[in-house]
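You will see chain A twice below: alongside chain B first, and alongside chain C after that.
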Partner chain A sequence: MHRRGVGAGAIAKKKFAEAKYKERGTVLAEDQIAQMSKQLETFRSHLEEFASKHKQEIRKSSQFRVQFQEMCATIGVDPLASGKGFWSEMLGVGDFYYELGVQIIEVCLALKHRNGGLITLDELHQRVLKGRGKFAQDVSQDDLVRAIKKLKAMGNGFGMIPVGGSYLVQSVPAELNMDHTVVLQLAERKGYVTVSEVKEGLKWERERAGHVLDHLLKEGLAWLDMQADGEPQYWLPALFSDLTSQDVSPEEANQMSP
Partner chain B sequence: MQSFEWPWQYNFPPFFTLQPNVDTRQKQLAAWCSLALSYCRHRKLYTLDVLEAQESALFNNKKISRKLSVEAIQVIFEELRKKGNLEWMDKNKTRCLIMWRRPEEWGKLIYQWVSKNGMVNSVFTLYELSSGEDTESEEFHGLEEWMLLRALQALQSEGKAEVISLDDGKGVKFF
Partner chain C sequence: KWLRLASAKLDVGVVLLSTHRLVWRDQKNHECCISIPLSQIIFFEEQAAGVGKSAKIVIHLHPAPTNKEPGPYQHSKFSYIKLSFKEHGQIEFYRRLTEEMTQKRWENTPASQPIPTATASQAGRTRAVGIVGIERKLEEKRKETDKNISEAFEDLNKLMVKAKEMVELSRSIASKIKEKQGDITEDETIRFKSYLLSMGIADPVTRETHGSGTHYHMQLAKQLSDMLQAPLEERGGMMALTEVYCLVNRARGMELLSPEDLVNACKMFESLKLPLRLRVFDSGVMVVQLQSHSEEEMIVSALDNVSDKGSLTAEEFAKLLGLSVLLSKERLLLAEKMGHLCRDDSVEGLRFYPNLF
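Up next is the complex of A and B:
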């Protein structure tokens, strides 16, 4: 129709046209959906192909994992966000970090009686690698950090304290506030610290310094040395470098809590 | 003699200060007890004099200039006594017997050697057991007499041996 009509006939025609448009609309939506389904199907099979091709690489190469994670981050995907998920299941990324998390917990538990639940990322890394053996998959510190973040999110009492360019990994829910953290960072340099050093280094009152150091003693994170030249020293087993070269002795093994 | 492997705590300065925190102190004492027994075992020491011990490498780490105080040593010795690894020889607690292996454990080792060599029902002098040529490669070789006697007495109470008197001393018959 080229002319708008008036009158009953015109109204009827209009109604007919509307109905037709509506139908067309439905048909259009269905079309779109069908097209989208097809696209998704193609997308899914590409992803599956990608997954099977790279599953091996994910497990074998820490470098690949870093790049993969960064790629996911750019497109707003967190492959570790949920245990069950395409990435987690298809690529086994979740498995990898889950297993690593379990290993990290084991190492931390084994050493807790020594260091009170605080360990340097370096030492953790060394021991995890050792535990995996010669032919095991490569694990980087980046992997450890991710696994620990995941553990932290799951509420396992894990935390990471930045010290001297790296981290101290905390595996027990000891109450460590900013004051404690900052003293740990100060102690990192020599593995020990005195009340005066804390007082001068952080410009605190003597009482505050003493209070924090006493707390570290109470939490089993620090030991007291009264035979030092000058004032008593507070030493942290976690920062004691000699530890990293020695294994747990059988006697220590007997002392470990189940 | 193989060189002794010191545990990590030995080079950790606070290890030589009795820890104020109760839990930490427990770990410390357990580690000291272990270390003391291992050290004595390695050096085949059966008795310790407290004052001498304070100057020995065990309780005095010259490399890090740290040593245990006499009180700390007494605390450790008391722990060892409670666990059955130490006995005071005098009322003033200046000298003690250190049993890094308990008499029963020694008895077992000796009996094993005796039966392995088909020598059950033989008689031995104490000297033969502790210093004879035949026992040179055994762990109980060099065992001091008082300890050897206790070991044999333990076997005796198990019915596996009898301590007897010989012309010039004591001996033992194994069953």
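Up next is the complex of A and C:
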């Protein structure tokens, strides 16, 4: 039983308002909420039925997951918003992506001392798969991207930067504007870049190029090789391929030139 | 249907087509089975039926490779074979063969076994018949899987139609709340929000007036408060939200929290008078902080440590306190903001000094 305004005056006022609305054929919000409650129960049982038939499909098929996610987005539903949501509870989609989120955070944290908090989606994918072990459910890059989008809600600077046809995943709150992004994209080919290359490639002045590269150094995203032939080279650990990189412990990293 | 070669040893049989090969099997003696890989086919054509002649398909082949498996004939003067369809099936077969020759699926998935063309009978089933059986099973399984997936998609479509109705209803309600059409109680609003939560529908209207939390988040906030006391103490009173997320979800094992659940629960700490706070730094980093570890204390500790060592970087400070670099940096920045520290920002790193000005 709800208690609205008490007193004869309030009751009369309410009756008047109700009559006015009903006259116009408008349904009151509170009636619709009651209606929604019923419809929700019905929907829940439909979802339950769907789950009993197809829950495996979601788990096994990344193609199905993509389709599912896209349809949800189209109708305006976020199946990953809450672990308490029907989708999560009944289809198990939640646990799949939230656990993936944990694994992504852990990989990024473990490598941060080496790459400054920037990692290619490929490398992230490989390492997450490795961490999950060979008997675990396979995950696609699309799955990772969706999990990362959810992680953004927690601050901490999770983001994705388009580079060379794929993405760099950022996991630190470093300020990266368009200039930084475009230099990263330029460096993607070789894993490093020089001031002259930035100047020529982007038609910038030396000062601007230097400024951007210094920022990357300060944020720990780039390392400076002063002993290279010719100009000093700014290397981006995030872009190193497995062939040219080697694992460095945090202590070793601190001792190297920034 | 029969296959006539130079001399008619192979007579009445059935011709079968897979994605990789063409197989002919004697109708009477199932153990007599021969095949040709589709990759050997250059070209094929129909020959219409006429008076006294049955419809045929003529298949022109590449010269036999040197590593050809032994077969009914080691060589032939003909570079083609003819399939004669005595009864029926020529049209359908021609169509299917065209399809397979267009798609060339054998190029994508190598046939797992070489083609045994043995006609010798052995005890029990021969391999040749086995392969045909396997291929049929695979085809059935493929069809079954396709059927399952398409059934799943069909059901998914139906489900989404119903979900869309829910979304539309909720939008109608939200706009009525906004326009104040009707008299909604607190109770009803809270119920409505929990419906939205169940469906995963965002609602800016009620978020403005009532925040994003629901009863669920309130309970969660209390659980978190209990659970995080000790870990927070161990970590100097502060943890990044991502750290909390990992800690809590690893402990739960299942029925995990979404990132938004965590954020919404933490936002309720203050109103529920719990001894924790959610805090957002200028950088955007979000942390959970013990209320007892006041800001004052943190700044004093930062200043003391920096003065003690003359200067500190975030990494050095992190090592001293046993904290993460991220949070150490935030403390130093905070102390700097309050005017107690100043910075030296060079390519060698960001270093903080006591502010003597």
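Keep this in mind: the second predicted complex is superposed on the first by the 194 of 258 C-alpha atoms of A that agree within 3 Å, B and C clash if a C-alpha of one lies under 4 Å from a C-alpha of the other, contacts with A are read in each partner's own complex, and residues count from 1 in each chain.
By our rule, a contact is a pair of C-beta atoms (placed from the backbone, for glycine too) under 8 Å apart; a residue touches a chain by one contact, two chains touch by 3 or more.
Note that this is a predicted model, so its numbers are computed, not measured.
When the two complexes are overlaid on their common chain A, residue A:150 makes contact with chain C while staying clear of chain B. By the document's definition of touching, of the two partners only chain B reaches A:233; chain C does not. By the document's definition of touching, of the two partners only chain B reaches A:223; chain C does not. By the touch criterion stated above, A:11 is placed in contact with neither chain B nor chain C.
Applying the stated contact rule after C-alpha superposition, one finds that A:73 touches neither chain B nor chain C.
Shared contact residues of chain A, touching chain B in one structure and chain C in the other: 217-218, 224.
Across the interface of their complex, chain A is touched by residues 7-8, 11-17, 19-21, 23-24, 27-28, 30-31, 34-35, 38, 65-67 of chain B. By the touch criterion stated above, chain C contacts chain A in their complex at residues 148-149, 152-153, 155-157, 159-160, 162-167, 169-170, 172-173, 176-177, 181-185, 187-188, 191-192, 195, 197-202, 216, 240-242, 245-246, 249-250, 254-263, 280-281, 283-286, 315, 325-326, 345, 347-350. For chain A in complex with chain C, the touching residues are 2-5, 14, 17, 21, 26, 28-33, 35-37, 39-40, 42-44, 46-47, 50, 53-54, 57, 61, 64, 67-68, 71-72, 74-89, 94-95, 98-99, 101-102, 105-106, 112, 150-157, 172-173, 214, 217-218, 224, 254, 258. Chain A contributes residues 113-114, 192, 217-218, 220, 223-228, 233, 235, 237, 240, 242-243, 246, 249, 251-252, 255 to its touches with chain B in the complex.
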